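What follows is a set of structures to go through.
Look for subunit A in each of the two complexes below; its partner is subunit B in the first and subunit C in the second.
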Partner chain A sequence: MRCELHAEWTKLRTSPATGWLLLAVVAVTVVLSTATAALVTCPSSGCGHDATRISLTGVQVSQALVAVLAALTISSEHTTGMIRTSITAMPRRVRILAAKAIVLTGPTLAAGAIGVVGAVVAAGRLLPGNGFTSAHGYGPLSLADGSTLRAVAGSVLYLVLIALLSLGIATAVRDAATAIGVVLSLLYLVPIIALLISDPQWQRLLRQISPTNAGLTIQVTTDVSSLPISPWAGMGVLAGWTAAALLGGNLMLRRRDA
Partner chain B sequence: MQATIEVNDLHKRFGSTVALDGMTFTVRPGRVTGFVGPNGAGKSTTMRVILGLDAAASGSALVGGRPYRTLRFPYRHVGALLDAAALQPSRSARHHLLWQAHSQGLGARRVDEVIDLVGLRQAARRKAGGYSLGMRQRLGVAAALLGDPPVLMLDEPFNGLDPEGIVWIRGLLRSLAAEGRAILVSSHLMSELQDVAGHIVVVGRGRVVADTSMADLIGQHATLEDAYLELTRDAVEFRGAS
Partner chain C sequence: MRPRFVHLLRAEWTKLRTVRGWTIAMLAAGLVTVALGLLIASGDRASCGDGASEEACPAAPVGPGGEAVQDRFYFVHQPLTGDGTITVRLTSLTGIITYPPPGHDEIVDDVVPWAKAGIMIKDGAEPGSAYAAVMMTGDHGARMQHDFTHDTAGLPGGASNTSPRWLRLTRSGDTLTGEESADGVRWTGIGTIRLKGLPDEVQVGLFVASPCDLTVNSSLGGSSEECRFTQATAVFDRVDVQGSTPLGTWSGIEVADDDGQTDWEKDHRPNGLVRSGDTFTVSGAGDIAPLGDSGAAPIERTLTGTFAGLIIVIVVAAMFVTTEYRRGLIRYTLLASPRRGRALAAKAAVIGVVTFVVGLAATAVTLPLGTRILRANGINILPVSQLTELRVVVGTAALLAVAAVSALALGILFRRSIAAVTVGVAVVVLPYFLAVGAVLPESAAAWLMRVTPAAGFAIQQSIPAYPQVIGHYAPSTGYYPLAPWLGFAVLCGYAAVVLGLAALRLRRSDA
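Entry: the complex of A and B
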């Protein structure tokens, strides 16, 4: 497995798209979170906003970049035909997928951590100016606070799981455009459908099982008891999606002619 | 490890099309074995089955006595050039070889050796996507030689090479065979094989129609091309009106 990891790491670091996409993950997470924090105001005591969640808004967009990066690591091989070279070099196909998953985790974790911590630090400087003050019931954002730490660490973990989910789906569907389309639909279309459904029972169910809705409950630090699913259970739902996608992708990779 | 490729009674269909219909032959060390046949005869499919890319419905394909999929570092057993375009165009040629070397437990030094061997040193740091077909063929040959394998399998290696390149690869194949390696080369260019191959396997409609030494084959016909056309007359699927 060591040689497969080395090979996949060399592929990842010598692909020009990798560096740009990771940089974009950091930038988008920080900039969009900061912009949101700059726009939201808390004019009076008990305005009902979740300051931690506001400062992590950028994750909702940077997850798309993470998903694209992950999908490309395998679907660009299928599109170009390089997958045949990969399988010739590494005939035990499950090891290719496992190595890709492992080498993808490191950079995603690093970019996600820099982006998320950067977002909280930047937003934490702006929010007091917009009325998020102790007079209105808000302390300064701090990683020493248990629920904020959970939201921050959970957001990084969320991005890693989204990357692996996307890798699994892309392995199964192969074509780059199709893979990215399927992943982005799953990430963004399902939450929109949940918004449009009027029946509260169905809406609740959809929010419990959608990878984005369930996974992002990890960012919520206020009114946790009113969530359709608890933060770590929501992360568990996303992990379930990721595991299913990787298992499905592995099955397809092993079964099909390359 | 013995330097051989043993293909035994391979069968495979794509939908209703029979691709392999009892394909059986052996590639022996110390000589170049030419692998010829019309389009759709099963040459590439056979090579893909040998490499474990495609699964055969039945039959076996062994490299040095072992199924390809069980090889820990396959490049050290077989070097293969199947599709020179099977690379990511935005990666440099050197990096394309580097990840393959790493997958075999080899290092950058071996990469630079094979780059020199195929004459790509000047262009090695350029994006492989900008390569001409001939340069990609050289890159593919470099990858095939990475693991210094006792067995080589090249699908249409003359494709896209300029005359200098054809002379070069002909000499390379001869010297690799002289070192005792088993070499299987598919080609449409009969004249090229006539100069290089000591043995010929002619296939049509998924099976072997002739498996003989070049000398015997030429002895019965004026040229290899004549022999080929005679043997594959009934196996050609696509033919213009004459």
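Entry: the complex of A and C
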């Protein structure tokens, strides 16, 4: 397994897109979260905003970049034919996928953590100026606070799971364009449908099973009881999607000719 | 021999048609637009009445312009035959607002910005009939309005005992002229309008309306609206009607009253007329204005599946060219058409037209079917003209086609499908998700729908936002900041820019 890990790490490290994408993940997470925090105001007490969630808004977009990075690690091999060399060199195909998943986790975790913590720190400086003060019922954002810590750590974990989900789908689908189309649809279409459908039961069901809606409940720190699914159960749903995608990808990788 | 353009078109059409995956994907793009639209429509339900006896909600009255309107106010009127003039002096406009923020705990003495009191000539007292009116408003000065959607501003200011305002409305055939004055001697014109087909006998009189007081609680992920009862009271004197027929008697009617009374009306002051000598004190509630989306659905509600079709179309259009780069086919394409701009034009034309046809088939089926489902579920559809309906149907198909052409150009720019698809989705679908899904605050959402290619979604908006009606106008409620064609033009501008860059790249770099 060490050889596989080494090979995959070299591929990821030397691909020119990796560095830029990781940088973009950090930048988008911080900038978009800060911009949102700068625009939301809390004019009076009981304004109903979730300060932690506002300061993590950027994750909604940076997840797309994480997904692209993950899809690239496998679909670019299919595009260039490199996958045949990889399989010849490492005949145990499941190990290739496992090595890719492990190697992908590290940089995603690092970039996600830097981005998410940076977002919370930057937003935490802006929010008190917009009325998120103790007079209106908001303490300063602090990682020492249990629910904020859960939201922050959960958001990093969320990004990692999205990366692995994307890797699994891209392994199963092979073609780069189709893979990224499927992943982005899963990330963004289901939440829009859940929003537009007005039947409350359907809406609730979609929010419980959609990887993004369920997964991002981890960011909610106020009114947790009114959520369609509890934060960690939601993360579990996303983990289920990820596991299914990786298993499916593994199956297709083993069954099909490269 | 240089190939004729039609041969290039034929070649590109053959390439597109013969890849089975692409054909299936294009069909899927159409089907998913239809299926999602109908699914969302069938999940939408509404009923009125109290709990046990659910019944269909009554349809809103329709104004002379064909739009749904609210037409509820207190009208003190008498018949007028032929030409004539009504002149009044308004000495006071006051009112109450029930339980406004922040406390929501008391009834305050105040008028809402668009409370209206003045004089009106109307084609009968039926809701939705044609009218012209001159009025004072709570915050927006003197106005002349007619037929619900038209609004002309006069001088600003209010009316009080110390500085009363005179209003005059003159009918001469189809032409109505509104004037105002501070002293009843020197008159300033506000507007002259024509009401086509106004019958000989009309109702002339005094009116008071006061729209409900809207508060929007917007938080990320959704918003809630609350509209609280308000009432306005106006005091008129020096009421003078000049006409060919002798002055009749005044009678009061609550136009479009729903029989229900708020506690305020029961215990304090009902809507109506109190007359002492020549002084008329009129109280009223409601509004005379086009109806927004409250309780009824705009036609584009059925086309919400478009963005799903959009992703598929972007993927196919990008692959249409990136596959050629991957397989080396692009060299033969350029060999066959040495003038590379023409090769690009042929490719763009084929993907654009195919997407347009698929999109048009999808929207032309979804809109009538979807509105039928919504009606069957008890949801009233806001009526629009056939031209607007055509614009929504054709415009949505054009939106898909322009997005496809842009994705194709991105494919040539990046030469890699993953980059082309990601950028295509990120600039068209992602802003729509962030804005319409209320992920971002409303100010940022409106800004996104102005400057990103997603501005093109404005082509779907069938009901405009009216400045003279206070509403919750935000992308998440279906109101885009740019006018339909302007928004579409923004999308086309972006498409033109990437197409130009793609042409440049195609000519300058080796394939």
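The definition used in the following text is that the second predicted complex is superposed on the first by the 258 of 258 C-alpha atoms of A that agree within 3 Å, B and C clash if a C-alpha of one lies under 4 Å from a C-alpha of the other, contacts with A are read in each partner's own complex, and residues count from 1 in each chain.
What we mean here is this: contacts are C-beta pairs under 8 Å (C-beta built on N, C-alpha and C of every residue); 3 or more make two chains touch, one makes a residue touch a chain.
None of the values given here were measured: they were computed from a predicted structure.
Colleague: Could you check whether subunit B and subunit C clash or fit when both are placed on subunit A?
Modeller: Aligned on subunit A, subunit B and subunit C fit with no clash.
Colleague: Where does A:L126 make contact in the superposed view: on subunit B (first), on subunit C (second), on both, or on neither?
Modeller: So A:L126 meets neither subunit B nor subunit C here.
Colleague: Could you let me know whether more residues of subunit A are touched by subunit B or by subunit C?
Modeller: With both complexes superposed on chain A, more residues of subunit A are touched by C.
Colleague: Should A:D257 be classified as contacting the first partner (subunit B), the second (subunit C), both, or neither?
Modeller: Once the two structures are laid over each other on A, A:D257 reaches subunit B alone.
Colleague: I'd like to know which partner A:M82 touches here: subunit B for first, subunit C for second, both or neither.
Modeller: Touch partner of A:M82: subunit B, not subunit C.
Colleague: Per the contact definition in the header, classify A:P91: touching subunit B only (first), subunit C only (second), both, or neither.
Modeller: In the superposition, A:P91 contacts subunit B only.
Colleague: Kindly classify A:Y188 by the partners it touches after superposition: subunit B alone (first), subunit C alone (second), both, or neither?
Modeller: second
Colleague: Go through the superposed model and pick first if A:L246 touches only subunit B, second if only subunit C, both, or neither.
Modeller: neither
Colleague: What is the angle, as a multiple of 10 degrees, that the CA centres of subunit B and subunit C span when seen from the CA centre of subunit A?
Modeller: Taking subunit A as the apex, subunit B and subunit C sit 120 degrees apart.
Colleague: Minimum CA distance, subunit B versus subunit C, superposed model, integer angstrom?
Modeller: 11
Colleague: For subunit A, which residues lie in the overlap of the subunit B contacts and the subunit C contacts?
Modeller: Common interface on subunit A, subunit B vs subunit C: 76.
Colleague: With touch defined as at the start, can you tell me which subunit C residues reach subunit A in the complex?
Modeller: Residue list for subunit C touching subunit A: 36, 39-40, 43-45, 102, 217, 219-220, 222, 304, 307-308, 311-312, 314-315, 318-319, 322, 326, 416-418, 420-422, 425-426, 429-430, 432-434, 436-441, 443-444.
Colleague: Subunit A touches which residues of subunit B in the complex?
Modeller: The contact residues of subunit B facing subunit A are 48, 51-55, 68-71, 73-75, 80, 82-83, 85-92, 95, 98-100, 102-105, 143.
Colleague: Give every residue of subunit A touching subunit C within the complex, in rising order.
Modeller: 35-36, 39-40, 44, 47-50, 53-54, 57, 60-61, 64, 68, 71-72, 75-76, 79, 175-181, 184-185, 188-189, 191-193, 195-199, 202
Colleague: For subunit A, which residues are in contact with subunit B within the complex?
Modeller: Listed in rising order, the residues are 3-4, 6-11, 14-17, 76-77, 80-85, 87-92, 257-258.
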